[in-house]
Each structure stands twice: as C-alpha cells, then as structure tokens.
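Please go over the structures that come below.
In what follows, chain A forms one complex with chain B and a second complex with chain C.
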Partner chain A sequence: MNPRPKAAVIVFPGSNGDRDIAESFERAGFAPVYVDSRETAPADTKVVGVPGGFSYGDYWRAGMLARYAPAMRALPEFVAKGGLVIGVCNGFQILVEAGLLPGALTYNNPPGFKHKWVTVEARETKQKSPWLTRVPRGMKLRWPMAHGEGNYYHPDGWDAIADNVPFVYDRNMNGSIGNTAAMLDSTGRVFGVMPHPDRATDPHIGSNDGALIFESAHDAVAQGLA
Partner chain B sequence: MKPDLHNAGINMGLKPHELDHIEKQLGREPSLPELAVFAGMWSEHCSYKSSRSRLAMMPREAPYLLAGPGSHAGAVDVGEGWAVAFKIESHNHPSAVEPYQGAATGVGGILRDVIAQGARPCLVMDSLCFGPPHDAKSRHIAQGVVAGIAGYGNAIGLPNVGGKTVYDTRYEGNPLVNAMAAGLVRHDGMRTARAQGVGNAVVYAGASTGRDGILGAAFASVELGEDTTEKRSHVQVGDPFTGKKLMEACLSFGPELGLVACQDMGACGLTCAASEMAALGGVGIDLDLDAVPLREDGMEPFEVLVSESQERFLFVVEAAKAAEAVKHFEHYGVHAAVVGKVVAGGQFRALSQGSVVVDLPAALVADGAPKLNWPEAAALPPVAEYAEFSPPKDLGKPLLRMLSEPGIADLTNLYDHYDHTVGNRTVRGPGEADAAVMKLPGSARGFALTITGRGELCAVDPYRGALAALGEATRNLACVGAPIMAITDGINHGPPSDPVENRRLTETIRGLADGLKALGIPVTGGNVSLYNATAEGAIPPSPMVGAIGVVDDVSRVPRGELAADLALILCGTPLATPMTSAYGRIASGQLAGSNVSVDLAADKRLANLLVDAIRRGMVSFAKDAGAGGLLTALAKGCVRGRMGATISWTFEGRLDWHFFGETSGVAWVGVAPRFADAFLAMAKTCGVAAMRLGSSGGNRLSIKTGESSVLDISVDALRKAFTANERGAA
Partner chain C sequence: MATYKIELIVKPKAGVRDPQGEAVDGAVKGLEVKGVKVHQVGRYLSMDVDARSTDEAKRIVDDLCKRLLVNPNLETYTARVEGA
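What follows is the complex of A and B.
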C-alpha cells in the first residue's frame, strides 16, 4: 500500500482552524503535517491547507500580515510545480492578499461576524479543479460559515470572475457579488472558500458534505495529478 | 497603625478589623505594597471570606471527580481516558462599567483557568442577565457584552455553544455576566498549582504588565455606585491574539520541558499566583519585580504586584530548564522572563531595586483572611400572592405573548454573533437541543453541558429557586441523554452586609447543597460574586448552575426540533395552580407570586427515564418545560422544526396555569409511533406519569380539551411571534 500523501497545514500565530482542516485531510486519507508559517512545507508535500482563524489577530485587514510569512512566499512556486492549495475562511483571505486568487474579501454587508449553516451550490467553472472532481455541477452542500470579512469583491464585477466561481451561496449572506462563496485560480489548483468544508467532514457534527472536497484532492494525488 | 497607612488600607477596601489582624499577625506595621497585597487577596472576590464556611455545605466528592474545588477548574472523568475541566466565572462589575472589555476578559479569564488545569479549551457558554431591552442603557450593556464575548471567543477559536439570557428590570445597572468554559485533558495530563523544589525558577509568561485592572478584585467586592464609571481603570483590556499564542505555548509546555506548577494570573495578578502557589506547596517564593516585563514606565511595586493585566501565566520550572522554558514561550511569540525562585520557608517576598518591599507569610496572604460573619435576618420578607385574574378562553393570545417575551423569545440573531462550530466537536449547538453536546476526539462518545439560573424564582424563595435551577439543569441534560454528574456554580448575590441579603445567600447555598445531595452529585468549584447592587437595590439572588453529563453515543441525541409523524408524549405532572412564572408575571403584572413550585425528585425520575430511552435510541424529540411552561416548550419545538402538532387532552383545573405554569419534572417527548407503548411502559417503571397526547404533523398547533378547541394556530404565526424581537439584545 502506498503511504498516505502528505498534506501540509500552515499554522500562523492566531490560526484556529488548523486542527479542523488537518482532521479533514486525515479523514480523506492524507497524512497531515503542521508547518510553522516561519518555515516551508516539506519537499514531498502534495497539498497545502491554509487554515481558518484570526492570523495575527486580524487586528488589521484579515490576512494582510500572513501573506508575508515564508510558508506563504513558497506557495507560487509550489503551485507552478503542480501542487494543490486550499484556503478556508481566513485562509481564503490570505490567498487573496497573497495574489494567488483574484479580487478582495471585505467587511460583511450587513456588517459583523456571522455564524450560520449555509447551503452552497456547485457551478461549472472554466478550468476543472482537482478539488472538485467529486462535486457535480448543481450539487447543494451544507457547510457552516463563520466570518466577518467574507464579502467577495472584484473591481471588474461578476462577469470577470464568473468562470472561476465554483460555489455560490443559495442567498446572499455577506454582500458578495454574485453570492460568491469560493474562488479558483486560473489553473484550478488553488481553491479558496469562505464557508467551512473543513467543519463538515463528520456526520455527527451536522454535515459530511465537506468530505467531498478533501476526497477529491486525495483522488487527484492518488492518480498522480498533483 | 499610622493614620495615613490606615486610611490607605481602608481606601483599598480593607476593613478596620482586617488591618488590626494584619498588624497583629505580622507583629509590625505592613508596608504600603503589603497593604495592597492584602487588599487584593483578602477581597471578597479572592478570599470568599463571607461565603467560604457556607460553601462547605455543598458535597464535593465523587469517584469520577478528578479535580474538585480549589483546583484551577474542576475536572470529571468522561471516559476513554479523557477528563473535562470546566468552571464558571462572573465578570459582573467590569461589564457594568465597560461592557465589551468586561465580558471579553471574563471569557479570557475563565479560559485560563481551564488551560491552567492542562486542558485544551473546547467551548464557551454564558449566562447573562440584563435589564429590559426597552431600556437604552441596558441595551447598550447587552450589545457590548455580546460583542465582547464574541470578539474574544471567536478570535481565540472557541465555539460558543449556548447559554441563557434573562431580561429583568431588577438587573438594570448591575448586569450579570457569567461565562463558563470547558476543556479536554487526558487524565495524566492534569496540572497543579503546587510550587515545589527549593531553587526552582519562577517564570512569567504572557502579556507585559500594565496599570489596567489595578486592584480589580477589590473593585468587584463593593457595590456599584455613582462613581462607578470613574472605575474604568479597574477594568482590564483583553487581547485574544496574545491569549491564543499564550494558550498554545502553555498547552505545549509540559513536565518534559521542566514544568512543575502553573497558575494563571487572574484576580490580583502576580500576587495571587505567587502566593497561592507557594502556600499550596508549603514553600516560599521570592519575586524580583524588576524582572517583570512592564508595558509602562514608572510603575510602583504595588502596581506590579496587583495589576490584573490579562493574558499572563506564572510557572514554577525546574531550575536547570528555566532558560529553555523562556525560549519555548518566545518561540510562540510570547514574552517570558525568570522573575523569581522557590525558596525554603513559607514567605512570599517581593524585591524591587534591591530592597524587600513585601515579606509576608504566603499562607497568611493566600488563606488568612478572617472570615466575615455578617448578621443574618431571621426570615425573608414575605412575597404577596398573585392578584386574581380570570383565565383566558383561548390559549393563542397568551402563547404568542409568551413566545415574544424577552428571555423566552428566539435568540438566533444573538447567537449568530458567536462561532458555534470551530473545533469540530459541536454535536448540538445553541437552540438545537436543551443542552449543548460535544463529542470526544475520534469517538462517538461525548458530553453535554448546560448553564441555567432561576433568579426570578430565587427572588421569592432562594432555597427553592436554587433547587429549581438544579432541576432545570438535570432536565436539560436528560433531554440530550446525559445523566447529570457534576456542577460548577456561579453565585451572584447582593451585599452580605445587608442582613436580608445575607440570609438569602445562606438560603441559596443551602438550596444548592441540599439539591446536590438529593441528586447525589458534587460541585467541582465555582465562583462567588457578592455586592451586586445599585442604588435601586440588590439583584435577585442568582445562582447559576453549569452542569455536565456524559453522552454514550452522540448519534442517538434527540433534537429540540419537532419532526413529522411522532407520537407526542407528555412526561410529568403539570400543576394547575398559581406559581411564580413568566406567565404569572405577564398575566398579573406582578413580578412574582408567593409560590415556587419545585420537586427535584420528580426531575430525577424524569431524567432516569429520558436517559434510558435515549440510550436505547427511542427518542427523536425531547424538550423540557422551563420558563414559559409546557405549551411554550412545545411551541418552540414546532417553530424550530417548522412542524405542527395536534394534541387532545382532558384535565382538571385552570387551563392557563396548566399550560403555562412552571413546575418540575415535566417534558415533551416525541417518539416514532412504534416506540410509544414501550416508552409508556418504561415511564411507569421509572415512576413518571406519562400520557400520549397526540402527534406531530401539518403546519398548525392545535389543542383540544374534551370537545372544545383551546388552541388552533399556524406554526408560521408562532414563528413570527418567536422571532419578532430577535434583535432585542444584539
């Protein structure tokens, strides 16, 4: 049997979703390793998770400081070589700040932190994503959202991003254009998502719908696609 | 004692007889910093001097109790090698003055108690009492408190999984903010505060020390007055980012890295941590105040000693590993410094600029406060019976009124400010069941927690009100299949210097003690907050009960949401007589009636039945009748499940008291029809009266008694009433 592929979870000071995403990787068949944001992921890492939380306290714009961490600076090269990256919640904010995903995530409208179980619907995207092979178009998934800065914005509007939006909320939760709940980069290998698939991988705690994401990535790695 | 020194002591909150006691015990006059040390440590908040002997009435032992009163946080064995450490703490006075920071630091403080026990925190709950939402100041306080709890808890990454919020004019100006935290620790991972090993290092870790919260413990021990807002400098400021870094650094700092003992710096800060650790270990501690990391220049030694700056821990570390320990904390981005050492003898000493500024017996500081025996009134003032009023013919109007009543009405919008799911343990969060349910790592086993208080009943009869709170906690846990196993208590009372209030305190504690004995469970520790009063008077006695129980299999936990096609069974015996209740208050316009209906034995029988049936997987819906009575409980189940129900019921007595009265041992159960007979048979065996009264389905809630319809209303109308004031608090 092949050893479990390595999934690196970057831990910033203030991260609090690192355990949740590591558990989700583990359930999908990965061997999760925590990587201090001051270091870089091990060379044989196939998948990187940027967790939720309040990196550096989010006392400034969410994700603004975390992008400068060495572990983040190594990501463009990792993606260029075929690596897969997922950023959840604060992780999505960090990926956007780092320029790995387009647009910006700003203050919710109406303002304030909000926790809610939400329904997202899968959309067809231009580039097939290894994160979504188990998620057919039109599928509805139930994940919790928990954020104060998840209002997705792009200066060129919905048309500029529509091809890269894999999930939309079933109703507008936070002011995001086009109800955008997630975003892919042009390769499909970088996946940012505002609600939490990493908190929906255990049927006892509300939903198992998030498992599809991590299992898709595991398929991709097992098939040598990452 | 010199008059100026005497006055300084009085200004810090010490009493004349305490000053005399200090001088006599020391055989000399204390120094000014020494007086500050006593003022903090002998405050009510730290010393429990008015309540300690009465608290000892409560049972404190059980075979599964791994850490009891006197520990950082009590801990119970929940199986599979895990313990849950949990504790309640109040931050009432700080929240009255600065709601956001008062509440935020309440959360931060209770988390550090759990962390000090070695446990990784996994949830926060709260019990809040505010003035009515139509009062602007109360609304300001409520909004600030909710934002503060959310701001700290969300950022540090802990789910807020439920609680209780009460709105009552009697809390105007003196809100109650009680936060409970729980954490998981392996049995062999628990930590001690016992300082050991002469020569070992005392290591400070966390935020630097500032002037915030100077003598906050003493501030918490006087009544709120007109100058209260001037007391903002007594309120601490929270920093969840530092708290998070400190939490991770502390939890990864174990005996293998040289850890001997630890204590968080909460009330009375450095002084409390050092003197208590020394006293517990029967050793002395020398502190070098010049080594303490400071955030401001020119701080006086006494300020450094009693500052309550947040996010700080004190450790005793093996001498040879002290330098490595400091590096460990710095790796996590946490300031750390060696600030002292363990010495022989039993003195707590502090040195500044080469001279000894404090040299006191640690045991005298930590445990030596003379007990205060306040005079007690012989009896409590009587409460008038509710004035007569005629019963309504139809239950619809009063039911809609009950559902929209602040404290009963939906709080979804309030709870949506809190993260419920971070950490991947939440099986049932706020509003999803009568208690929160969390699962253990990698297991179907879990534990349930609830927090409740019945101040409105205690205002009439503190003894029976305390019993009622224990009863409600028992029912809440039973509704998720967890037998109650232990509690942490948060006692919130008026000033014991008032003989009537002091009598009430005795009655409350006696009620808790007798109730715990009747249930056969211990208290694991808790908190006492006295002096909750304003110029308008004292708050109602408000003991909060945080209770825990084990859930064998989280997949069998019923919901508080009604599903379709269930047989609806009412368990227990409702009383059709006037009793203190939300209904009585609304219908009569009087705050309370003279009768508090409570029967803990009935709650215990009901709990035995529910737990047994839930463990067998028979129960789909369970909801206990609490504030608002049994009809309100059923209506909430309808709204949450978007499901109607049809009930047919014949009974004696007044319709309104029957459906809205608040008594013990009553709950609704929904089971699949094939289980109904078996459930009724089990109820008989358990000594619980149970009646199959109808079934769920449709989109209306309809009730017939005999041939006449007493309620027929759409679930949509119920939902509208339930959610109408949703923005009340937040």
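What follows is the complex of A and C.
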C-alpha cells in the first residue's frame, strides 16, 4: 500500500488556522506536516496549505510580511513542478500578496470583521482545477467565513477575473467584485479561498462541505496528477 | 555616503473604496463636529536610508515600495526625503 502523500502546512507567526487545514488534509488521506515559515517544505511534499490567521499580526497590510518567508519563496518552483497549493483566508491574502494569484484583498465593505456561515456556489472556470474535481458547477456549499479584509478587488474589474473564479457568495458579504469568494491561478493548481472549507470538514460541527476540496486534491495526487 | 531621513505615506488609490476612511468619517460625524470631512486613512513609515545622493535614496525607496510596501492595485504613495 502506498504511504499517505505528504501535505505541508506552513505556519507563520500569528497563524491560527494551521490545525484546521492539517486536520482536513488528514481526513482526506494525506499525511500532514507543519512547516515553520522560516524553513521550506520537505522535498516529497505533494500539496501545500497556507493557513488562515493573522500572520505577523496583519501589520501594515494583511499578508504582506509573510510573502517573503522562505517557505513562500519556494512556492513558485513547487507549483511549476506540478505541486498543489491552497490558501485559506489569510492564506489567500498571502498568495495574492506573493503574486501567485491575481488582484488584491482589502478591507471589508461595509467595514468590520465578519464571521458567519455562508453559502458559496461553484462556477465553471476556464482551467480545470485539481482542487475542485469533486465539486460540480452549480453546487452550493456551506462554509464559515471569518475575516475583516476579504474584499476582493481587481483594477480591471470582473471581466478580467471571471474565468478564474470558482466560487461566489450567494450574496455580497464583504464588497468583493462579482461576489468573488475564491480564485484560481492560470494553472488551476493554486487555489485561494476566503471562507473556510478547512473549518467545514467535520459534520459534527456544522458542515462537511469543505471535505470535497481536500478529497479532490487527494484524488489528483493518488492519480499521479500532482 | 550619507544617511537620508525618509517619510513615506501610503494611501488608497483614487477610485478604490476606503472603508477605513469612511468609518472614521462616520465616527467624527458621531461627535457632532461640524465642518469636518475625513478624506482618507493610510499608513505612515519613517526610515533612514544610506545612499550616495538624494536620487539614489529615492530610487531605493521606490524599489522598496514596488516590492513590498505598496500594493499598486489599491494604493499610491509619496516619499519625502528630508533635506532634499
């Protein structure tokens, strides 16, 4: 029997969702390892999780100070070689700041930290994503959100990103253009999401809808696609 | 080589919503102070930069802004070089 594929969870000073992602990876069949942001993920890592929280206290601009951590600097090459990356909440902000995903995330509009269960709807994207093979278009999923800077912005507007948006909120939660809740890169291997699929992988605490994301990634790795 | 004192101000770009500015403006209005309108909320950074000239100091700051301190999608900046 093949050993469980390795999933690295990067831990920054101020991360608080690292365990949520690690446990979600584990439930999906991965062997999660925590990687200090000052180090780099082990060579046999198949997927990387960039967790939620308040890396570096969100000082200056959320995600800005985390982007140059050694673990982050290694990600472009990891993705180029076929690796999969998920960034949730602050992890999404970090991926955007690092230039691995387009656009920007800024202060919620109307202002304030917002935490509640939300419904997102899956959309067709131009590039198929290994993170989403178990999520058919039109599927509605319930995930919790918890953020103050989840307002997705792109200077060229909705048309510039529509092909890469795999999930939208069922109504505008934070000012995001087009109700954008998530984003893919041009390869489909980098997936950033503002609400928390990693906090919806246990039916006993409200929803198991997030498990589909991590199971999709596990399918891809098991099939040798990542 | 000289040390230049730099003051950097980063603020929301024109056309980008500024919920922080709007929230502070709302708080000022809540104080029932008449005749005040808050325009924008941004960030301030002071630093020393070693360089051979004012122009070189500015170039170093511009590079830092581009690579780290300013998100061009959302923000614009002005850098003041003391003594320049």
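Here is the rule we use: the second predicted complex is superposed on the first by the 226 of 226 C-alpha atoms of A that agree within 3 Å, B and C clash if a C-alpha of one lies under 4 Å from a C-alpha of the other, contacts with A are read in each partner's own complex, and residues count from 1 in each chain.
Methods note: a residue touches a chain if its C-beta (ideal position, glycine included) is under 8 Å from a C-beta of that chain, and two chains touch if they have at least 3 such contacts.
All figures in this text were calculated on a predicted structure; none of them were measured in a lab.
Following the overlay on chain A, a side-by-side fit with no clash is recorded for the pair chain B and chain C. Touched residues of chain A were counted for both chain B and chain C, and B has more of them. In the superposed pair of complexes, A:155 makes contact with chain C only, with no contact to chain B.
In the superposed model, the angle subtended at the C-alpha centre of chain A by the C-alpha centres of chain B and chain C comes to 80 degrees, rounded to the nearest 10. Contacts of A:14 after superposition on the shared chain: chain B is touched, whereas chain C is not. In the superposed model, A:111 lies in contact with chain C only, and not with chain B. Once the two complexes are overlaid on the shared chain, A:136 sits clear of chain B and of chain C alike.
Looking at the shared chain after the overlay, A:42 reaches neither chain B nor chain C. Of the two partner chains, chain B is the only one touched by A:202; chain C is not. Touch criterion met: A:64 reaches chain C, while chain B stays clear of it.
Closest contact between chain B and chain C, by C-alpha atoms in the overlaid model: 10 Å. The interface of chain A with chain B does not overlap its interface with chain C at any residue. Listed in rising order, the residues of chain C touching chain A in the complex are 16-17, 19-20, 22-23, 43, 68-69, 71, 73-74. On chain B, the positions that touch chain A within their shared complex are 150, 154-157, 239-241, 244-245, 332-333, 415-427, 439, 444, 554-555. For chain A in complex with chain B, the residues that touch the partner chain are 13-14, 16-17, 19-20, 23, 52-54, 56-59, 112-116, 144, 146, 196, 198-199, 201-202, 204-206. Considering their complex, residues 60-61, 64, 68, 97, 103-104, 106-111, 151, 153-155, 175 of chain A touch chain C.
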